[in-house]
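A, B, C and D label the chains in the order they appear, each numbered from 1.
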Amino acid sequence: MPIDLRHDPAVVELVEKTERFVREYVLPLEDANAGDITAAGGDDLRREMNAKAKAEGIFAPHAPVEFGGLGLNMTDRAPVFEAAGYSTFGPVALHIGAPDEGNVHMLAHIASEEQRHKYLAPLATGEVRSGFAMTEPAPGAGSDPNALRTQAVRVDGGWKINGKKHFITGAEGAGFFIIMARTAGSPGDRGGATMFLAPADTPGITVGRHINTIDKAMIGGHCEVTFDDLFVPDADILGEVDEGYRYAQVRLGPARMTHVMRWLGAAKRCHDVAVDYVSRREGFGGRLGDLGMIQQMIADNEIDLAASRALLLKACHELDLGNHASDETSIAKTFAGEAYSRIADRSIQMCGGLGVSADLPIARLSQELRPFRVYDGPSEVHRWAIARRAVGRAKKAQAAAAAK
Amino acid sequence: MPIDLRHDPAVVELVEKTERFVREYVLPLEDANAGDITAAGGDDLRREMNAKAKAEGIFAPHAPVEFGGLGLNMTDRAPVFEAAGYSTFGPVALHIGAPDEGNVHMLAHIASEEQRHKYLAPLATGEVRSGFAMTEPAPGAGSDPNALRTQAVRVDGGWKINGKKHFITGAEGAGFFIIMARTAGSPGDRGGATMFLAPADTPGITVGRHINTIDKAMIGGHCEVTFDDLFVPDADILGEVDEGYRYAQVRLGPARMTHVMRWLGAAKRCHDVAVDYVSRREGFGGRLGDLGMIQQMIADNEIDLAASRALLLKACHELDLGNHASDETSIAKTFAGEAYSRIADRSIQMCGGLGVSADLPIARLSQELRPFRVYDGPSEVHRWAIARRAVGRAKKAQAAAAAK
Amino acid sequence: MPIDLRHDPAVVELVEKTERFVREYVLPLEDANAGDITAAGGDDLRREMNAKAKAEGIFAPHAPVEFGGLGLNMTDRAPVFEAAGYSTFGPVALHIGAPDEGNVHMLAHIASEEQRHKYLAPLATGEVRSGFAMTEPAPGAGSDPNALRTQAVRVDGGWKINGKKHFITGAEGAGFFIIMARTAGSPGDRGGATMFLAPADTPGITVGRHINTIDKAMIGGHCEVTFDDLFVPDADILGEVDEGYRYAQVRLGPARMTHVMRWLGAAKRCHDVAVDYVSRREGFGGRLGDLGMIQQMIADNEIDLAASRALLLKACHELDLGNHASDETSIAKTFAGEAYSRIADRSIQMCGGLGVSADLPIARLSQELRPFRVYDGPSEVHRWAIARRAVGRAKKAQAAAAAK
Amino acid sequence: MPIDLRHDPAVVELVEKTERFVREYVLPLEDANAGDITAAGGDDLRREMNAKAKAEGIFAPHAPVEFGGLGLNMTDRAPVFEAAGYSTFGPVALHIGAPDEGNVHMLAHIASEEQRHKYLAPLATGEVRSGFAMTEPAPGAGSDPNALRTQAVRVDGGWKINGKKHFITGAEGAGFFIIMARTAGSPGDRGGATMFLAPADTPGITVGRHINTIDKAMIGGHCEVTFDDLFVPDADILGEVDEGYRYAQVRLGPARMTHVMRWLGAAKRCHDVAVDYVSRREGFGGRLGDLGMIQQMIADNEIDLAASRALLLKACHELDLGNHASDETSIAKTFAGEAYSRIADRSIQMCGGLGVSADLPIARLSQELRPFRVYDGPSEVHRWAIARRAVGRAKKAQAAAAAK
């Protein structure tokens, strides 16, 4: 049977509905607020947009059907999330933004029946938002997860957690947190980590200052969060004790890909705005868009968009097959993260002075896209992992040849 | 129905057979002759390798089944051709090298019944080779096909052709030529071109000097060919008069993609040789392959290979759907052409002094790969076409918006 | 006599004084205000900083000695301006920011005795600021100066000017404007342009909205300015009628180089902050700054800084010799503009999450540096000019060879 | 006193003489032999060209005046060597090729009076050629000099040397060798190395196979050389025992810069050929050289040439001041090595099909230029050294700040 890359007609229709919804309803909200979702209304705006998305039948396309979602697999999410990401407010509108989308994904895979009820259901339906508390300030767990310092110690009936996190997306206003804490070993060696669930109002949780990052479209900010003698009962352990690193991988692969999807939309918008601009503007005896150096930028954007999309599809397909897809997701994440910055940068350049101004949205979109090369593993860490696996394969092949 | 990127098991098996055949039989021939197929025996070697490939059941996988081929579509050709291209002699061995492979493809689509018998059958079975005589020396048709100067004039019962071609791959020893000649308009404007078929021994055809290019793996060289009052009867017109540019597009899209497939194999080999090298060699207190800057090169090679493969698949799928796929093939060709040079260059660098020597095959493979950024349309021409279409779409959208 | 690249000891001492002044006094002001000079106090702050710089003997090092400046040539300005630019407030503090610095330079070359008194003297001493009104919104003069639309028509005793400008740096609060207006020909052809001087409070001059660009360190913003029947008497014509394009070149070459100098300081700061960070931070079993991929970024920054500085010196030297130095200034501007963005980007990446936050100054410095690839001629226009001259030289050589 | 970058008129005249000599006499010899100096006659041709260069008064411009050279410092060598390098045979013609030029330089600094007579005099005058035997096959001293394995052991009246070298440039036909051998410590740690002088016909020296590298312009090849119980008397120790690494640095800094000079000429030639081509050739309704994407390549070549030249001048000046200039030479070497490959690659691309053929010299010049990124320390090793020094400076500054 020949390979077929065409999406099911139902998915194609969903994409078109999402495109229309974003273009007509969401994009104007984003532009009116210069892309700052907090300034635009934060959670109040979110609820309003969510209600509208529900009415359109496009809310939470990734969530399990039992909770009112559309249950799309990764491959089918790709074009829908891209369409949503065309506005930086789109993912919040459809409730498919980070970290909620990844948390729904992970809870759907790992949560106990009780936890599905207590945590997943309100999250999937948009009743509450959530936080994923893993990253720590130096010298804790950043790019290197083995440096994990937040400590959970066994106490009667549960665990007591102490530690400091930062860059916790969506923390302000979150209903609950998934917390990664060390339950074995010492910072620097791998040892064991465990994931815990805790309502945000549990004593011992303090959401601190928002780190003022250059992206403004993630609801609830990127916050510092402190745990002081936070008690988590055994029933709120997510999955098994000491298996946190493994679950983190379960979450991170798909979460990386949904980042690639959403920001693909934003990168596409940069390109569209720039091509529209150079198609109208005259100079040097003709249309700017007909000048060779401009054409080169247009073409390179098209190539970068196409390659990002193609690598994304491949990685999603591997994930849908149930594979770890460590290589495929690292490759897609690294390429796309860098491609999006290139696309935004070329788009700015095509628009000249307006490109570096707020008269066009490209400069601020460029600020939304830049952090992706750092978030969810900097490019350097992914390259390191890709190379280690390649060298590992070579050593194995050498050993096999030597064994003959 | 979810998207599925997996090849049919029969294709997977064909790929594995091809890989084994290339590794065990073809690669040693290539290496023993430093990749120079003429020095290695030229057509004698080709016949020998073809016989072997037939015996293995992997000969001409792209050719129509009626002529003994396997009738693979473009998507399925991709991994098979890549496996063949792992040796630069592999495409000749399987009879899927340029220009024969593209000529088979075009004749299968356009040739009359009689022409199928006279030209396609012996070509598909490897009885003869062929040439595609389109490119001309300056100021004729090179990157800009509209500059076509070779002239065909109507005479009794057929056409008389005069002109000069160059870079005609495989001309030396070819059994027949497909000739592109102007039948309407003047050089510089589009006008009309027509394709003609002519046995190589027809009076008026002279194969001149081999242009000494840096690639050495294409059988029959890149030659100058002159037509002096060459007579072609009406029966040997390929398709319709004045439709040559259109047919050229039919040929060029798929032909570009099979270039991408074959050279992907060669690029993969550069990478494999380099990773093998840095996995063995020690320096700076450890294994070279564990140094960060080497890891970066390894990872970038992996990314470039994956992106080339993903873009290729997308373009092949569009072609299989019967679309022109002008954008998709231009994008895949441009990206891959440049990626292969990067891969070869990084692979050289990883191997240091040996990388720039004949002790490893990378330096000469780099010479095989470099011309791909020029052949079949330089990157600049493809970028120009990609950009023109993007600007065209923007103008159309502007007009549609204005019409509202 | 051998070439000597060492600056005079007096210049070296001036550089050291400037470095100390910037580090101890200016940088804290910048950082306390997140680099926004308007928020920091605008002209009030400027006067305060200027007084301090005067007290240190480092004020206006480029201005003619007769007006209290130090009269440095271009070559000697380079390290002083770089030292000032280490803080984005530094150029304002020393009164060497755009556009005043370039306006002083141009007036010193072209102004009549009366104009020197009326305009140059108060500008050079920092009593007033100035604007350079050349750039126009589409379809007027942007990258393509020939598109100039602002019109000056001859009236009794002077000229009447009508037109619209934008991106006029420093317009808000400027004491006077240098205005470029068409006095011959039509928009699109070259024709003639003339430069006019006009006090900012002359009837007919309206400073409109500030264009909200991503850079925040230029005092007086980037504004829209409208001229409605603005009358300029003959005495306030700067230089000769119809010679405006030529004078613009006189101004633009050096003005480009002082941009390169100032922003070199800001790029250097990005690098210093990043190297300091990776020299402290641990991860992956060692210091981040010892990881190969980080080392690559550090080294590439060092290379980019050194090359920018070396190209700058060469261009300045040519200008000091009295040459047009069109090639040298275009090359230095293009290379440096792009290098600074690369440096800022790598510096962000080295600092990970903090790199994309306001906890470190790199992200906002990156926003200051980005527009330089657009301001003062986008890279594409400079490349176009460089290439045209190279092709011109080749044609000339061909003609000379043919004439033999 | 203002900085002056102009060369002394005598140097300017020497450059012009060299340009004329190369253009009229040397270049035709190179082109007639496709750049292969061995095929062109090897040492016979060298003697012939040397005699001619002597007659022109341009022979050995770097050699001490006492031996008939012109005694130029590094800064003045730069334009002369560039002019010579415009032909790949030029450096041999002027006797300023590797390794002789670097060996003359080092002997002039370190050799004893007797050694000046015995080794330096015949070398400087071109009576003999020489080899510099440092690099070893894996696991010996390659990019990592500490891996040195060739061993010298104290014997009565001198030293006995055993070991294997490779990539020894000019070994075939050399009159003597400078040999780097370990006299203290073990492979992997630094320990001590010593330099020895030995006539090529000393028993125990065997020049083995030529490694078949892609560059063909260095006389005497890149050879394997073996030392079997080679006896070197104390009088032929070059400098002090155990000081070899220090002397190697003395040689390597300047030797790197003269590589940068010579290959700058070859890179310039690539560019000149390409610009000449695109200035003549028509296509797409105009001259190729007027197309935007071609203009971009032309401009980028001009920028790369200018930046290489500017960094070279800076590094040479530091060396002339007697500084180690480790950073400056590493930066110039790394940037130029990579720039030359980019220049050659763009030049090929501009010339399309002819660019990848032997009809133009660019493709083979590209092969001459590629190894420079590996020879004399690969780019990665230089970047590593640059970064280590930058981090070292940061640590020092942190310590100084902490000490306050």
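The criterion applied here is as follows: contacts are C-beta pairs under 8 Å (C-beta built on N, C-alpha and C of every residue); 3 or more make two chains touch, one makes a residue touch a chain.
If you're wondering where the values come from, they're calculated on a predicted model, not measured in any experiment.
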| item | value |
| --- | --- |
| Between A-D and A-B, the pair joined by more C-beta contacts | A-B |
| Per Cα centroids, the chain farthest from subunit B | C |
| Approximate Å spacing (C-alpha centroids) for the pair subunit A, subunit B | 39 |
| Distance between chain centroids, defined by C-alpha means - subunit A, subunit D (Å) | 50 |
| In subunit B, residues with contacts to at least two other chains | 291-296, 380, 383-384 |
| Touch list for subunit C against partner subunit B, complex | 291-296 |
| Footprint of subunit A on subunit B - complex, ascending | 1-8, 73, 75-76, 272, 275-276, 278-280, 287, 289-290, 292, 294-296, 298-300, 302-303, 306-307, 310-311, 313-314, 317, 320, 327-328, 331, 334-335, 380, 382-384, 386-388, 390-391, 393-395, 397-398 |
| Complex interface listing, subunit C residues touching subunit A | 135, 138-139, 142-144, 147, 166-167, 188, 211-215, 222, 281-285, 291, 293-294, 341, 345, 348-349, 352-353, 355-359, 363, 370-371, 373-375, 378-380, 383-384 |
